[in-house]
Structures are given as C-alpha cells and as structure tokens.
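Order of writing sets the chain letters: A, B, C and D. Residues in each chain are counted from 1.
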Amino acid sequence: MEAKKPTAILRMHCPDKPGIIAVISDFITTNRGNIIYLDQYVDHVNGVFYMRVEWELENFLIPSEKISEYFNTLYAMRYNMTYRVSFSKRRQKMAIFVSKMSHCLYDMLARYVAGEWDVEIPVIISNHPDLAIAGKQFGIPFEHIPVNRDNKEEMEQREFEILDRYGVNFIVLARYMQVLSENFIERYPNRIINIHHSFLPAFVGAKPYHQAYERGVKLIGATSHYVTTELDAGPIIEQDVVRISHKDTIDDLVKKGRDLEKIVLSRAVEKHIQRKILTYDNKTVVFS
Amino acid sequence: MEAKKPTAILRMHCPDKPGIIAVISDFITTNRGNIIYLDQYVDHVNGVFYMRVEWELENFLIPSEKISEYFNTLYAMRYNMTYRVSFSKRRQKMAIFVSKMSHCLYDMLARYVAGEWDVEIPVIISNHPDLAIAGKQFGIPFEHIPVNRDNKEEMEQREFEILDRYGVNFIVLARYMQVLSENFIERYPNRIINIHHSFLPAFVGAKPYHQAYERGVKLIGATSHYVTTELDAGPIIEQDVVRISHKDTIDDLVKKGRDLEKIVLSRAVEKHIQRKILTYDNKTVVFS
Amino acid sequence: MEAKKPTAILRMHCPDKPGIIAVISDFITTNRGNIIYLDQYVDHVNGVFYMRVEWELENFLIPSEKISEYFNTLYAMRYNMTYRVSFSKRRQKMAIFVSKMSHCLYDMLARYVAGEWDVEIPVIISNHPDLAIAGKQFGIPFEHIPVNRDNKEEMEQREFEILDRYGVNFIVLARYMQVLSENFIERYPNRIINIHHSFLPAFVGAKPYHQAYERGVKLIGATSHYVTTELDAGPIIEQDVVRISHKDTIDDLVKKGRDLEKIVLSRAVEKHIQRKILTYDNKTVVFS
Amino acid sequence: MEAKKPTAILRMHCPDKPGIIAVISDFITTNRGNIIYLDQYVDHVNGVFYMRVEWELENFLIPSEKISEYFNTLYAMRYNMTYRVSFSKRRQKMAIFVSKMSHCLYDMLARYVAGEWDVEIPVIISNHPDLAIAGKQFGIPFEHIPVNRDNKEEMEQREFEILDRYGVNFIVLARYMQVLSENFIERYPNRIINIHHSFLPAFVGAKPYHQAYERGVKLIGATSHYVTTELDAGPIIEQDVVRISHKDTIDDLVKKGRDLEKIVLSRAVEKHIQRKILTYDNKTVVFS
C-alpha cells in the first residue's frame, strides 16, 4: 500500500438529530483537519445516528491526546454520543487461537507477512500442539494451553497472563474448538472474532456441515461474528455462501467450507483492523 | 428453443450395485434408442444409486406404452428399483396459487407466454381477488377461493374440483399465504412447489425478513422446496442469497427479496418441468 | 413502500477541497432541512469530490423553486461545482424501446404495476409489432416505428415527436436491436440506459453469447450502461454474472442470460429513477 | 480425507456415436471393476463425446500396466478415441513458478501441508530471490533463475534441467511475471496453469486492474487457464468475479483481486490434480 499520512478515526452513535454531520465535519474542518473518509448511517427504526470520520492529523490544531477530551466536552455530552477516537499510528495487537485446523491460520499469516494488514500478531495460542510448526515457520511465539472442560478456569488464567504480557487488543478464534467462559468473553467485549462454519442462524452449535448435509441445503455458509456469552449468537460481521449439490459428501462440504471460512474470517478481521465496525444492539454497522 | 425429437425420460434409484449403468444403457442402445442425456449419482453414505437417462424414441423398438412394463420386468424388479418413465411429448399442467403479491406470478407468466417453459398453465387460484387482473391480462382462468382457517376443508374441496377439472399435474405456491391441510399435501406428494423467503432452515415460519433484520444477517435468502406436512421442512430444490448491509431497512429486504424469490422459484419450477428432480429421504437430487 | 415526505435531492461534483461536506450540510440544516440521506465520495486520483444529499422539504425555509438559484449563488460558483437539484415529487417519465424479446419488458412492467418504481411509463416503442400485446395487457400505448438502416433519420424524427408528446425524461433500451444515431444519443445524454448481454468490455458488439461460447468462458455476464456514441462503451451502471459450464449450449447461455439481463437492467433503471447515479469521465458513481 | 482404494481413471473423447457409454461401462464391469465415478458429456454442436470414468482396481481382472493396451485394441481404435488412463496411486509432481507476490504461493503451500491435495511439490522456481523465505518455511527447494528478455533461452534451459531433475509433471504460474518462450510452452502442452488477474477475454495483457479501473467496471475477475503460445488465450479452466464500486481505488482492486486470484488458481490446480479436466478445441471440459 502507499504511505499514508497519520489520521484520527472517530466512530460514534447517538440519538438521531438534524445537523450532527454539519457539526462534526465543521469541528474537524475548522481545526484544519482534512477529512479523507466520512460515512454515516441513520437507523430510522430506532432513531440512531452512526458515523465514521477519518481525517489527517498533519495540520490539525488540537493535539492528538486532547482530541477525545475536546470532542467529549463540545459535542458528545450535548448529543448524548457513544464514541471512540482511534489513531492510525497505533498498531493493534491481535492474538490468534487455533486448535488443529490450519487453513484460517495460514491465510492470516500469509496476509501478515505480505504486509496486507496494519496489525501485529504477537502470539498464537492453542489447546493442541499440532500447529506449533506454523508459529515456527512465521516466527511467532506459539503457546500450548491444553484447556479442557475440567481445567478451563485455570487455563484461562494462563491465557490472560499471556494476552496481557503481549498487550493483546483483540482475539481471533481461527476454528478454535473450545467454548470460552463467560468471564473470558466479558473481558474482551466486541474484541473476540469467531468464524462459525454455517450461515447463522442456521445450524448453530456442533457439526454444522453434518447438519447441512442432513437437511439437504443447496448452499453452505460461513459466518464471522463477535463472541458473546450466548453461543453463536453475537453480532454478525460478515457472511458468505458457496453452492453445493447433491453430489457433495460431508467431506466435500468440509473442503468447500474451508475456503469460505478463511475468506469470511479474514474479511471480518480486516474490517476490525481498519476500525470500520460499530456494534449496537447485537448488530454491526460495517462501513465500506 | 429448437425443435426436439420426442424422447423418453427414465428417472430411477435403487440400492447401489456394480453394472447398473451398463445394463440400462445397453437396454436402450440395443433397442435402438439414441441416448441424448445420461447423468447418475451414487450416494455412497446410504448406498443408493440415482440415474436420469433420456433417449430419442424415433427408432426405439419398444412401443412407448410398453416401455415401463418391459423395464419393470427386465430390470426394476431385479435391482429393486424405484423408477418413473416420462415422455417429453406429454405436456404437464401446472396450477399457480397466489395471494396478493404479484412478482412471482408475473415472472412465471412472462416465461410462459415467451415459450420458455414446456408446460401448460390452465388456472390460477387465489384466496384474494386482487390478482384477477393478471389472469385477465394473460388469458388464464382465475379462480377466487376465499379460504381461511374456518372454512379450509370446504374450500379445499372446491380447489380439488378445479384442479381435477383442469387435469393439473403439479402446483406452484407463488407467495401463497395460506397453509395447506395435510389432506391437500398428501394428495400431491412432491408435486407442490413453494417459495419461502429465507435461507432455510434459518427463519422458518412467519415474517422471515423481520427475523433476518432482527438477527442482523449480512445476506438474505430464498428457498424453493416441495411441500410436506411439516412447515418449511420439505425437500429443498433451490436456494440463493443476496447481500444486504446495515443500511437496509425491512422494506429494503422485502424489495431485494422479491427478485431473489422469483428467480429461485422459477429455477425450481423449470427443473420440475424438465423432470430433472429426484426426491429421496427428504432431499432432492437435481440433475443439471 | 411507506408514504415518504417530499424531499429535495442534490447531486454534485467539484474539485476536492476541505470543508465541502460541512458547508453543504450546514446550508441545509441552518435552513431547517432534515437530511435523511448523505453519501459522498472523493476520487483522490483525479481530485474530485462527489456527493448526494437528500433532505425533507417540510420546514425548509427556501422555496423549492429557489433552491437551485440560492445554491448556485452561495456555493456552486465558489467551489466550481457541477450540480443538479431534483425533487421527489416530480415523477419521471420513462419510455421503453423493445424489439422482439419480451423478458426485460415484462420484468419492468411487472414492477411498474406492482408499484415498485416511482416512475411513469407513458409509451413503449418498437421496430417490430410483436410485443404490441404487452402494451395492450398493461394498458400502455405501443408505437410501432419500423426503423431500419435506410430510413433511420426519418423514423427517429417520428420517435422524437412521440417522446416529446409524452414528455419522456429518459429511455430504456430493453434488448432493442437497433443502433441509435449520434443525433439521437446526443439528444439524451446519460438518459438512455441499455442492457448488453455480456460482461463488458468482453464481447462487444453482435452475438456476445456466441462469442462467449467460442471462447469457452466459465461465467457469462450482462452489463447495463448509459448509451454514448461509441458502441457498448458508455458509462457502466451495473453488471453481474452467472456460472456456466461446458455442458451449456449457446441456447442454454441465451436462457441463463435472460434472467441476468432483466435483473441487471432493472437494477440500473431503479438507481436512475432514484437519482442515485452521477456520471463523470465515462464512469458512474452509484450511491447505495 | 478418508483412505481411498486405488483407482484407474479414464478420460476420453471421440466422435459421438450411440452406445459408447454402454460399451465402456460394460468393459469395466465385466472385468470386475467397480465404477465409483462416471460423468460424460456430448457436444452436439461438434458431435464429440467426452467421458471420465473412475473405477476401483481391487478385483479388476486386467493388470494396471495392460489396461491402456487392452482399451486401445478393443475400443479406442474402433471408435477413433483420444484417451488417457491414469492411476490414483501415481502422485503427480507440480512445480510452482513465482515472482514477488506471495498470496497464491502461500495459499497453495498451506493446502499442501494440510494434506488437501494429492500432489507433491518438489520445487519452487522464481526470477526473483524475494520468496526464498517461503521455500525455507515449508521445506521446499527454491531455485532462483534470474530470467529476463535477453537471457531467456539460456535460463529456460536451466529451468528444464531442474524440472527434469525433479520429475515435474505440470507447472503452476502463481503470478509469475515472465512470458514463457514458445519452446517452453510446447514442452508442457496443457500442463502449465496460469492465473490472469482479469475476467478474460476482458483486459488481456499488462496491468488488468488499471484497465478495469479506467473502464469503470462494477466487477473484477480472475481467470485460470492453460498456457498456450498466444498470450492469455489458452483454454479457460476456472473464473470468478468480485463486486467493486466507484469507491475502490486501483489499490483496492489489487487487494480484492488477491483473494480472488488465489481461490480461482487453487480451484483450477485442484481439478488438474484430480484429473478432471479434458481439453479440446481450446476449451476445457471440467467434470464435477
């Protein structure tokens, strides 16, 4: 990618009112910020206004560390906004959790070393030792934490220590076959991205390809979503499908599904890295 | 389409055994039938062999009215086959059931008058008078049968009389908003095609677009299936999806869904007309 | 659709400068317009800013007939904008040109009578009499103008008279098999929408399905575009494709293509009706 | 995948005649081969019959090394067949040619180590040293052959030596940015698979994403094909597209294209590995 000037990114939502766009874009422009991205959306059913603005910081009159405070004082309180200011210079740290299947992991590692993503991957965590080789190949620490139903609390404590040690901002479950505890999930709200190998809400839970085969569907899907405490029910980030036919065995579904899973997961992770996702009411607004 | 010579179509399934293809294609070729289509599929999980063969009757030595008997005697009993022999010359008669929405109906009528389908549409039946205009436009008798929960049995009797009078072979529910009785469904096994406006098995039942909106999915779907006595659970013939985003209101879903519904339904109806569908074990084999 | 309050729609583009969004949204909000849609896009390569804003006129302080003048004086001249103000209350009039194929025509007429489109279709024009029946069915005047290479100038004069008489704003070529003269095309800049049955720029010109068959492609496409004086080279509005295989004959391509053509054309027409298209430099910006 | 019994695979085409299916399936069955796959297709335009049959060798009465001879004597000469017999036990050897872009290479290597493909990758060849790291990571010899316009003949000689030394059966050009000589291409007829980053035949040659951007298309594509001496004009194996919009810069096209390229190339390579492709008349028959 081309070199980009440092930018600030504002994501916000608030009760819809006339004039919010004008007010915010005026705030940025008056202070000599050059807006390079603005997308907004009004949910007329619930009366909520969503916006993402990105502007170059080069000549911006307000120092970066003061932007959030100023914005809060001048606008957020007045309009009852929920907002977040991020900075393109601050590279996020992403941990990958895997079990035994490698396709999603390799897809992300290949993007990583090719420089496709503006992210850092400091650690891979797994409940099985099988994919340690991938860590070695790509020079990323691999931590084997043999979690199971009986030792989950203790093992998750070890995971927390690792995640904290590496300063991890968000987690990607790349076909990780363990259910996280509520405690774990609540520690990373909207910061754990999972890939489920079905077109949710169809085929929740275990063995979705078997379920799909049994039902005789003509398309199979994959769904990437933020993890919440209810299984496979969190805000959906991205979905896609692929056509199958009566000729496809369950093995064929697994095979076709792999390509789908890795692409759908990587699209979702990329949107998260680009800070283009807003969540509200168990749904996502994904800006383009 | 080009003029086609009259053909016979054999659809069959039986326990899988070596040599069935050789035996059947030899039967046809030896009797001077020219095979113009042969597709077969083995379900190795359940050990079932499926086949569709079509051959030109021009020089075929066995008279058409005897083919089924000969085939039964020589092969079907021996291999424990379930089979059906159809003839391209026998045009099927298809009734369309509608309520108030016109998009699926018009899509089929437009294909009908353009000669896309080798079928006859002798009658349109509706529980509302609204679409009588479409019958008038296309010169097809329109029967208004105001069925509701309380008079269903009586009204369905009237429908049976109409269907029998017109010699209807199969029925298409083109966004027909009434649930048929078990009695009705059992009268037309694998001969009633419905369009459900979701990617089944997600969002069974009423208001699937509302359900999809609530769940925040990123694709919406439509499913065409044979009607069985369990709601929205019959053998799926065809499905497809279209991408939506957070910007889409329920009205937008309804709008995008209409194009999907009509295309998915028409694809399924076409396969049925072409006698390319085999059903087994609540699933379909749809030959290409 | 739900009843909508009357709105004004501004589409504009100009050399990109900081602050344009703020200035325009402030103009609308200060004058008590409620913005219900705002989408903008910056072409950083060419330094062009594009925007579409829609706002409710209910309490807007500037009378509708004065908006364009005020906007021009206050902003357009200052920022060197090319712009257009439209009003949702003013229903556009659309003429459909056809030859012998009916699928695109029926698809649009079905949408028309179902009230899907906020448009008026006052006339159908054809170089063949075959589809007069469709005009009769849907109660729309059908004008048979037997244009050919030798009488084109004269026949187009008759078409102009008809188009003027009905106050036609834009024209849809629904598989119309005649090439329009330069004179005709220049009379309706960015107001003639064509459907070409290939994925342009592949297979320009005659018989694209034959060309596709010859080349052995695995997908076929359809392209809707504004007509310019260079054949099949105008700004593309919408494209889509469908999968084919070696099994498909040219007849099969024609058949699969029909569904594609009608959907792609109708999507493009709908965007035009909604005034969501901006053209610049032989390309389109199509707002969502 | 599950363990599979050793099979023989026959791919053939010949002038279409009645009875060929019966004759061949009878040949296999009579000699106690269990047919596990049979697909055939008749090109009625050119009168050519194509077939792929696969059967288990376990109890087959004809020794593997004699099958081709027997088949030739008994049928191929009689029906004027072009045919090839392959054996599932014989693992093919595939060389990958790359330049600097890694996405297609990593996608294939990830499949390779996961055991998705029944193939051996003995060597990676590149005109640049950049991707030597990938060879090291996955333990595959990496040969740097700095070919350019002036030294092509000499460098290709070195490539031939390497390919021969490793016993390479076919070659995959994974975004390899050099044009091969006619001499090279003719050495591997229908054995060099390329990925071109456009929907061929649109945007032949250099910089197809730039061409696509200039033309303002709404979808971009990727095409995998066998390499012939005419640039980007060989038999197409697989194609797919992805939706873009006016918002996408050339960099965005490159980015979206990468996912498309790797999936399309891998699908084509997999079909080649499975010996499911027949070529005839610059087109492919790709069995499912």
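FYI, contacts are C-beta pairs under 8 Å (C-beta built on N, C-alpha and C of every residue); 3 or more make two chains touch, one makes a residue touch a chain.
Computed from a predicted model, the values in this text were never measured in an experiment.
Using mean Cα coordinates as chain centres, the one most removed from chain C is D.
Taking shared numbers over all numbers used, the chain C to chain D interface scores over half, which places it in the same class.
Rounded to whole angstrom units, the spacing between the C-alpha centres of chain A and chain D is 36. The distance from the centre of chain A to the centre of chain B, with each centre set as the mean of the Cα atoms, comes to 42 Å.
Counting partners per residue, chain B has 44, 245, 247 as the residues that reach two or more other chains.
Contact residues of chain A toward chain C in the complex are 18-19, 21-22, 25-26, 28-29, 32-36, 38-40, 42, 44, 243.
Chain contact summary for the complex, chain A toward chain D: residues 1-2, 101-103, 106-107, 109-111, 113-114, 116, 137-138, 245, 247, 251, 255, 258-259, 263, 266, 288. Residues of chain D that touch chain C in their complex: 41, 43-45, 50, 199-203, 215-219, 221, 235-241, 245-247, 249-250, 282-286.
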